[in-house]
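Quick one: structure below, then a few questions.
Each chain carries a letter (A, B, C, D and E) given by its place in the written order, and its residues are counted from 1.
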């Protein structure tokens, strides 16, 4: 193995060698720099490879032939090797990125760059604190030099402020070092660590100075004005190295030095870390310049890692996995984003729309964002999962809540940024793509996905990258070039074959959900055949969602459940974002879903009491005192997905603005994920008491109220898709109500709703989407009289509303019949009043939907409309057939599910013999009702048609208009404000209280960010004063640690 | 529930009796209302004549296939409601096609007719029809809540969803009618009964002066004939449900006729006295007066 | 009323006055200062109510005479202002800004006499007659009887008889005096 | 109270000199209408217009052709057998539904019919707000050209068989408006009239007597005004268009 | 006695910091920072001082054998050497910045360089 010191002397040597070259030989100088950096990163990689096999033995490197107290020693362990590899590779990549700048500035800049990389490697390796000081000063000098690479004069000011701050730090560091030496007699970290408790008794101040100097090097939140100016004005390639490599090195230094201070100092580190994480993320909300936002984000991430370092006492052996995971994710993600910002000309976030028609770069951007937030399958996800569980084990709930809140803020501004890129109205011109810059970015993407694979291998839960559904979704990335129709065939084939493969493993409950997700999804995807072109980004997102859903229903333990939950959220987010005006709604969707997911994460952590591997079955054996909280957290998390009242505001916008074939996917299938979660929760946790209130009763009330308010709000909508979206909220409220009844028939009703709602809601969304595609508008009052032009859509909507309203012959009535039997045996009756009111109200908006679109007066511009495209009509007709079959023989789907529910609620199930279904209170045979009603209807219809066979077919204005002539079709079609009297009577119940509440929450965060970021006045001296103030404040606050111990 | 073919002629017989009784009853009620206004009133057989005349009209127009659905849905809703609920307790002949779960079917079959009428009125393209439907739906949904609560209370009280069993439980003296065992439920049901009978306090839907007779504006000749037969059957069918649930059902046809007449008179007497409500007044009226009664009925059962 | 007339005389050039009753006086006013006179009378003299606005067709001397009848509520006196305007191409300034109701009168005069009031609201819309293609019917050169005979078909054998004769002959056929 | 009303001074309509109600077989030559001062063109919303549909397709809209059904009325034969036709005629006679459209000063006389004193309900007569469901159209008094246009539209929206009753002399020969420039003189030129009830405006008793005669005619099957309208449709339409100059509706408004 | 050097060192540091944080002019700030650096160096050396021992120069009157007993701790002095060199480097860099800022901005007032904020 090559000696680790080679890294130091190789880079230093080439730096000086460059001095000898002539100034004009710039290409040669650049070549030599690249060569040396390549060799150095090769050495680091061989070390990583070597140490990976036998991680135990880390190598001590003696210098000057003497042992430590008298000479500097360096250590090369697996962690050091990984950090070195990261630093050198980032350096190499940035140098490639900086090709033209370096060639312009000549060999001196290359030399400074090499020194910069060498200093960073030095910090990682050295075990001597004075040596650490020297390398830090080298980093300072190199940074001050390299800041001027960017041709932005403001970097001059930033550089000077940086130098001032580093002067103060070096003073603190030097005084700290000398006093520590004075007491311990040695400069070596290991020796000092040996006598750390003696050190702390005698001179805690000395260690404090040393510690706080290194902490300030990490640019902690209140004292990092100078750092943000560097990030904003420096060359992005340099910022990449600074944020990734230098950040890693400083974190390493702090980790080493903390060994001296011992465990009593860890809370201080955690405190500072969490403060930085939340403060920086909060300020990032109000940022408009991209690089300054990246600066805040990197400060926040480094704060998070500092907090993790602060928790290493309880993290035990998975400390390196967590800290490493988050660190590497931050480094690669941040470096990638900085390099991407190198391609964009302007500095506003909106200028990034230049990436819009560069799918590969867009994919890079998404990977970096997912890497930073820690979405599956990236390392951050595994790290965050383990971290939260171990913290929960050590009962540090407050810390978890703070970390999750910070992570939510981070998702907020990163996804808003992504939404801006895709949906901002004026598009900047296409970003230029010089080859060397693009190569660097793609290498970062490859690194990101290989890290994902690596961390999958390392994690104990099984590698997410091995999950076949996810791989199938990723398979569609290279296939983006194919036309949409071929990809559609592939997707449908994949879904159906996966269902056939999984079919034997499903138990009845999973079978119901599986049948809706996989073949059901394939059926809806049939409607996607109507688009031409390539539909970039649709199929990976859709199949990522389907992968999440299919993994969710077979999840054994909480990790796979949570991973599936987050992947379906991500997939559905990208689907929603495809709509034309859907950016704000997609944003609120992702925030609510990820917020809910974090609540579930906290719930699982509490339930598992610290052990990351937690099978779902053991939810039943959760400790008594913590069980109700776990129930609440998990239920809240799942209810964000079924849009129960209070967390429903994302649904109307998301479903209404999505594309024609995406709305049914969301409304028909995605909402069921939440329901499945609630099923699992109630199966395992059953009834929970909290302060004497039975939580299932609370769920009953929530279900009933969402049913009522969902229906009420749906009545007053003018937009057809919004009407259907609110109706979905109501139907989910019904299903939740059925579930919370906690008796056999209640669950059966909920399952029937799952199947029913999927069929008729997808059908209604498809037909309304088809009509909207033809008429060009979703506003109902603009349409009218389309029955003659679009008969098939009309039939689909007619059957749909009969099914939804629960009118006898169709399956809706089956749901109501079971509902009635369920509430007969339920003992808690008060919420039933609201459900009874919600029932008939559904009838109002259903009629409004069919009347304003299909009946009434036909407008002039719609006279020549064709029927909806064939591929949108086909699924609807299949659904009509399904509804008929399901109405005639509900037993087909529900028979063995009924038996399955028996083992939860043994008594008063239904028994199904032949065509009649009997419960304890009565029996009902759908076929006989259908026949009787059918016969009566047919005879009367035939007789009327026969009698009126010579009736005169008249047109739209042949109406008795009080002996006058109707003016125009628009003025005679009654559709606007259709239920005005009802609004006068019950309008007060639809005040947007919830929307206002969430708006104030978001608003307050933004204004506080806007207000407090004034802290950074831009004046170098104020920054220095803030720095000193921070040092004093930490000193005072941590005095408890001094004298408490 | 084996399907005996003999049930079909029996139920047709019940249907025939109820249609004739309905036509005569409506004429009688109209005569009584006239006598209140010191008018001689229409002859008893007038409804027959009107029906024959409307059926006999030579021309008719049609606005489209859904236009037929209006009267057909309406009448099959009325006939269905009648046939799925037993009319005479105890007699096999007149228990029609009732089965054990028919209480819920009765509750939801009311909407079958309303949905069809709404669709037919919508197809006619007339704005007044649409305004009438929107008023009708708003009012019926508000009226439906107390009735649903009352039915639920009764179902809970007798622990069954079959109308025949409920009637059986109320036999014996009139004291064990639901009227006396659970008066709140009956009160709530009767208030909602007013709402669904399109009588003056709640007849803004068919208000002849404001919007010429609301939804059926465009209907005439044979369509109107169908609707008139429904206007005969549907109130009777609805009152059969009320009678069976709350007033002990009918053991024989005379009792059936008297009880139906008395129930009908409730809405007539209220109708003759009160002026017409706006839709929002009636919605609020139901939610303030009728629903609390229903809630109490469910609570105390 | 006379002293009012004297008082007005100094301010406006007025035509001759004709007193019909102690409380009803007609004054002929030149066309130019009609509006200012009306405004003055309405705001200061208390003639707040515009009773009617009508026209008279002097076909002989080819003139229209517009009469503005205004009423003073307190003193319960009526004052009629007569304006003489030329008959062919007849038009007059609109006074709908003084009294909004005047617009209706002016519409009727436009339809029935053909007097145009430019600027008056909805002046050109059909007021009473729809699809009227003849000259304005109230003009004296329009012969209604002859028009009704031409346009509307008559039932043959229509004979008019003096009602008194007819009844006498009906009930007392015997005495033929 | 016996059905026969007490002796009424005014003669019952039967004794009037027999007036030929049916249109002459041969069409007499009418004097050409006087040349019009100004021509009336179609109102703006009925003019032909092209509209841009969704997706940019051009749509040609001709309101009178697209919004209205242009089929002419057809003569509707009586029921196949006489017995059935008699039954229907009896039913039609026993339940006459008047269209609530008071065209002239006689409308005030029709309201007392529904009050306790005269109570037309006894004879199966009641008001219907929409022409669709009405059988009898009472033209009560003078009929100006403007109201005639609306009356034609309502009449054509009624279903066959339908009857028209004219009240007072204004509908017979123009009455006291014989020389008016905007009142029609002879109703049966424009609408097929079944019965005239004399009296400047006949009192409710006269109306009831008139309705009794109408019942007798319907029972006898003589009241076939609708078929006569369909048979001589062009003749009626020519007369109507001669008088209504701003004709802006289809020939037969269903 | 030996605390005097230490005290003056700290005093110099405080004076330097005070000067850097209050003076608006960049050059004055650089001078203040150099004062602070010298203060730190003084502290470094003062820490190594042991009373009654001579400077750590091995020559004839301080032979290697009993050097460890008679000389003060040599290590801080070694550290001071590197610290001084680094101090010089940074001061040179700051002067270069000051020069460039003056050319660009035309003034040496630190409060004028505030365009990068929030």
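Methods note: a residue touches a chain if its C-beta (ideal position, glycine included) is under 8 Å from a C-beta of that chain, and two chains touch if they have at least 3 such contacts.
Bear in mind the structure is a predicted one, so any value in this text is a computation, not a measurement.
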Legend entry - Where chain D and chain E overlap in contact partners, by chain label: A
Legend entry - Pair of chains with maximal C-beta contact number: A-B
Inset, instruction - Report the chain closest to the protein's overall CA mean, measuring from each chain's own CA mean. - result: A
Inset, instruction - Determine, using the mean of C-alpha atoms as each chain's centre, which chain is farthest from chain B. - result: E
Legend entry - Centroid-based (C-alpha) most distant chain relative to chain C: E
Legend entry - Distance between the centres, which are taken as Cα means, of chain D and chain B, whole angstrom: 38
Legend entry - Centre distance in Å when chain A and chain C are each reduced to the mean of their C-alpha atoms: 82
Legend entry - Rounded Å distance between chain A and chain D, as computed from the means of their C-alpha atoms: 73
Inset, instruction - Indicate the residues of chain A shared as contacts by at least two other chains. - result: 952-954, 956, 958, 960
Legend entry - Of all residues in chain D, the ones touching two or more other chains: 130, 132, 254
Inset, instruction - Give the residues of chain C that touch two or more other chains, as numbers and ranges in rising order. - result: none
Inset, instruction - If two chains touch, include that pair; go through all of them. - result: A-B, A-D, A-E, B-D, C-D
Inset, instruction - Spell out the part of chain E that touches chain A in their complex, as residue ranges. - result: 13, 17, 20-22, 26, 29, 33, 36-37, 40, 43-44, 47, 75-76, 79, 82-83, 86, 89-90, 93-94, 97-98, 100-101, 104, 110-111, 113-118
Legend entry - Partner chain D, residues of chain B touching it in the complex: 34, 37-43, 46, 49-50, 52-54, 56-61, 208, 212-213, 217-221, 224
Inset, instruction - Spell out the part of chain B that touches chain A in their complex, as residue ranges. - result: 1, 3, 55, 59-64, 66, 68, 71-73, 75-76, 79-80, 83-84, 97, 99-105, 108-109, 111-112, 114-115, 118-119, 122-127, 130-131, 133-135, 137-138, 140-142, 144-145, 148-149, 152, 155-156, 159-162, 212, 217-218, 221-223, 226, 278-280, 283-284, 287, 291, 294-295, 298-299
Legend entry - Residue ranges of chain C in contact with chain D within the complex: 128-135, 137, 142, 144-145, 147-148, 150-155, 158
Legend entry - Contact set on chain D toward chain C in their complex: 19, 30-31, 33-34, 36-40, 145-146, 149, 172-174, 178-186, 189, 239, 242-247
